[in-house]
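In the two complexes below, subunit A is the common chain; its partner is subunit B in one and subunit C in the other.
This part shows the complex of A and B:
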């Protein structure tokens, strides 16, 4: 019964993953005969590629910003919207809305908001007399990465709010009641009840968001294509450009393998940290 | 008191941050460029469908809409069919083979789909599957199988084993048990997964961008990217195109909010 699925999966997932390993040891433009170069691609990537290091740095910054802000806002909003009142359900539905849009649509909408001449953000800044803050958000290498990160946070915070609400609603009400009897302030309740009890959910949210930020492609491609001057280039856009703009297929394959190892390492570290954290609380 | 002000301010700001851009797009699709730039949030001077007409006359919206529909619907259908068969086989397996099968698909969860772009590109070039919607469907199925198997398996695992066994004792073969017991029971999981898959497939850019370059095979996200170049200076046309491309998702979201949110959340949590 599993045969058709397994055949397709092997042919278009497992087999390509193995071919990819082979490509990573070749110098190949996708057309002429590939040349075997051993581990030279890996060596070049790690010791001789400033652009790669810059983009890796971009991606780490992008991930940190998105993980911290998206998780923080989502937890905050979830504590605000915890009870299933009409208003809260309505707001959750509104917040979730961007999640159903395509990255391309979101990217193009924000391209308008950020537009230096006609955009909404600069129009608002000028209207309240902050003309000096009106920037070329996507066209300036100083801001582009942050501008794209903000869009990503806007895009997926609502989804994380829903995940947090589901997690926080599992916390027994008695814990809060007991805390209140003890005279705990709102902040103390958050610190001593909500935060430790929400840790498993936080682990899920952080892991999912991290992977999402290391896989990001569509949004970047639609907004800046990685520019200007690679300031908003991330790992997957880099792989795409290496292969389909630079025609370095072997080198691009090497980059994807680095990406897999990086994602696995980050996931492993996060699991360890969050599990240890979980253990000490018991 | 201070807490309440803080809370309500933040909640309002984020609600506005979602609603304002959405309104700009909807209103903008009825406006001329000048109106969008001068008063993006005002109601249009006149509600007319000029932009929609221009978009349709340009002949570039029906085909991608049709292509996206074909690709998303077939990808979801076959992924669900294949994934539920695998999940059923895993659930019913009494030997180690079920665990091996599960392990192999779990491997796919660890390798992000983006990693395979180069080998899939070369493979498809060799097979002549570039510029083919069929090829795109194949890739979509392969890429979304691991997560779908995972979600549906998790659901089957929670069902009491007796449900299947009783039917088997009654002499029903595997196909029958799958069709008349497993699938009807799994309806909530199947529904959630379908929505999750539909959104992914409808919105995907990376693989179509790489595999499709013939105009009559393009999907909506690709066409939107083309519009960005074509209508670089015309946000009114861009907004109209975005609105048209988002209509199916928005309608589904309005009418099936709950399953939508459940589906997309399950995809994130289980993934």
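This part shows the complex of A and C:
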């Protein structure tokens, strides 16, 4: 039984991965015969590509913002929506709703909300006298990445709420009862019971959210196309543009390898920070 | 009764508008060029202007004696009259393209073709334009039944050519006799014709003629007039140019107008673009700095909407369609969006030239030929014959006219009459001007040169420092080209 499964896995995953490694050592426009260039693509990417470094920085900032806020909001909402009352089930559904929308639709909706001249956000800010806070959210290089990050948080928080609720509901009620007997406050109960017991779920949420931030291609494409001046470009949009707009498939393969290594590194560091091994606290 | 009467009046009014518009345009387009109606052999004043694109049209030409006179236009590559469709063998082929919005109109033409030639079938295979850009080459390269396909001018056409997918169509008579010769340039390599650029686009600003008339504005014809118009229109509460700075694709259309009169002659312009495109020159070259400063001047004079870098191509045509903006600076391809948003805009749009010099302009407008129809060189000989026959059918004036009217696109086929579509008709006068093939598409390095360059110009309209932006972008371009 293992052989067919391995064959399928090899064909669908190993072969493309190995091929990508091969492409990263070539100069290839997708049409003419590839030219072997050794490690030149890697050298160029690390020593002569300011745009790559800028976009790498964008991606790290984007991931940090989204992971922190999305995980934080999800845990907060899940804590309040833990009990299976009708209201809580309704609210969980409401929070989950954005997840079922297509990312392009979400991108378009938020593009309208952010519109600097006609958008809802600036209209509200102006209506309450905060004109100075009404910004050109997506058209200004200082704000565009944060504006898209906020959209990403709105888009996926509900999904993480559901995961947290499932995780938190597994915590034995006896632990809370014992804490209450010991006179623990709500905050102490959260700090000493909920948080440690939620760590395995947090690890899943953080890892999944991180991976989502490295795959946020369609949202970026629909909202800013990476602009202005690459201020909201992420590695995944960069790889796409290098391959399919610039027809540099070899260089795009090299960028992909860095993208994969970065995801691996970040995931490893997260597991170290959360002290998680195979889903259990050490 | 009231509704009926109202409808009857509306249709009568539409009819009158169409008739007046037709009269204005069909009456030789270059009347302004001369006090008299253009007459064969008589004097004219502006070289290059013409009275249209039919075999009866005239063009203002300089003779060997140095005098400008009206001469017969030789639209095709030869003086011979257009030829009929070549008879195809029986069989079935696929026609790959990226315009789902044209499906019904093209199917109508295909149905007509199939009924004329029973046993021959054409199946449309349509992808979205994004998918087509990314996947068409791989799909068509692996599919010998994809005997007819389209490519866009520049990078994609070059990719298909490099991949050996384009059959040589130079010897097809319809290419020489049915197609406007100047339109063939984007489908020609080394003197051989590999594709028929079917659509003739005009990448010049559209203006709301009704609004201009109501406000008593004159269409600006010089750079100073353009800036003055911006100040006047803005003071009157209108957006002078609904320029979609947040949508690079359409925001970049105006660079064509800035480029067309930025050099003393075409050869210099082409050399400058090539130098930037290959990394031999920077964007800090004086001629490009001048263009960037003109973008800044437009922003400083209120030509663009508030927050131009966040103003996208959904809002821009909506503002234009609602009468809030005077000019929508994209091209003829923007008309269908505007009329979809506000059907009453039909018949009110006209096309202007964006002249960015105060001296005598070298060119008066921009044209572009794309949707390049080609025959798959890897298809079987029989399928290639069907493909060539089908393209020759599309190159018949009546079929091209059906396509043009049905899709609101001008076409590059001789003797097409646009009278059945008032917007095409109203913008047809641009064909009579001295036009330059869109220079924006001479930048072949889209990802490494054109996009960063256009992003820099957009950022400048948003307040970024001209020299710093151009210096930084030049560095990005150089690094991108070396990767």
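The criterion applied here is as follows: the second predicted complex is superposed on the first by the 262 of 282 C-alpha atoms of A that agree within 3 Å, B and C clash if a C-alpha of one lies under 4 Å from a C-alpha of the other, contacts with A are read in each partner's own complex, and residues count from 1 in each chain.
The definition used in the following text is that a residue touches a chain if its C-beta (ideal position, glycine included) is under 8 Å from a C-beta of that chain, and two chains touch if they have at least 3 such contacts.
In this text, all values refer to a predicted model and were calculated from it rather than measured experimentally.
The superposed arrangement places subunit B and subunit C in clashing positions on subunit A. In the superposed model, A:192 lies in contact with neither subunit B nor subunit C.
In the overlay built on the shared chain, the residue A:30 is in contact with subunit B and with subunit C. Of the two partner chains placed around the shared chain by superposition, neither subunit B nor subunit C is touched by A:270.
Between subunit B and subunit C, the partner in contact with more residues of subunit A is B.
In the superposition on chain A, A:227 makes contact with subunit C only, not with subunit B. Legend: residue contacts after superposition of the two complexes on their common chain; A:244 is shown touching both subunit B and subunit C. By the document's definition of touching, of the two partners only subunit C reaches A:48; subunit B does not.
Once chain A of one complex is fitted onto chain A of the other, the partner contacts of A:118 extend to both subunit B and subunit C.
Overlap of the subunit B and subunit C interfaces on subunit A comprises residues 30, 111-112, 115, 117-118, 244. The touching residues of subunit A, counted against subunit C in their complex, run 29-32, 41, 44-45, 48-51, 111-112, 114-118, 136-141, 224-225, 227-230, 241-242, 244-248, 251. The touching residues of subunit A, when paired with subunit B in their complex, are 1-2, 4-6, 8-9, 11-17, 19-20, 23, 30, 73, 76-77, 80-81, 91-105, 108-113, 115, 117-118, 120, 123, 154, 157-159, 162-163, 166, 186, 204, 208, 211, 214-215, 217-218, 221-222, 236, 239-240, 243-244, 249, 252-253, 256-257, 259-260, 263-264. Of all residues in subunit B, those touching subunit A in their complex are 3, 7, 10-11, 14-15, 17-22, 24-25, 36-37, 40, 82-83, 85-86, 88-90, 101, 104-105, 107-108, 110-112, 114-123, 138-139, 141-143, 145-146, 149, 174-175, 178, 199, 202-206, 209-210, 220-221, 224-225, 228, 235, 238-239, 242, 245-246, 249-250, 252-253, 257, 260-261, 264-265, 268-269, 271. Touching subunit A in their complex are the following residues of subunit C: 133-134, 137-138, 155, 159, 162-163, 245-246, 248, 305-312, 314-315, 445-448, 451, 455-456, 458-459, 462, 464, 469, 475-476, 479-480, 482-483.
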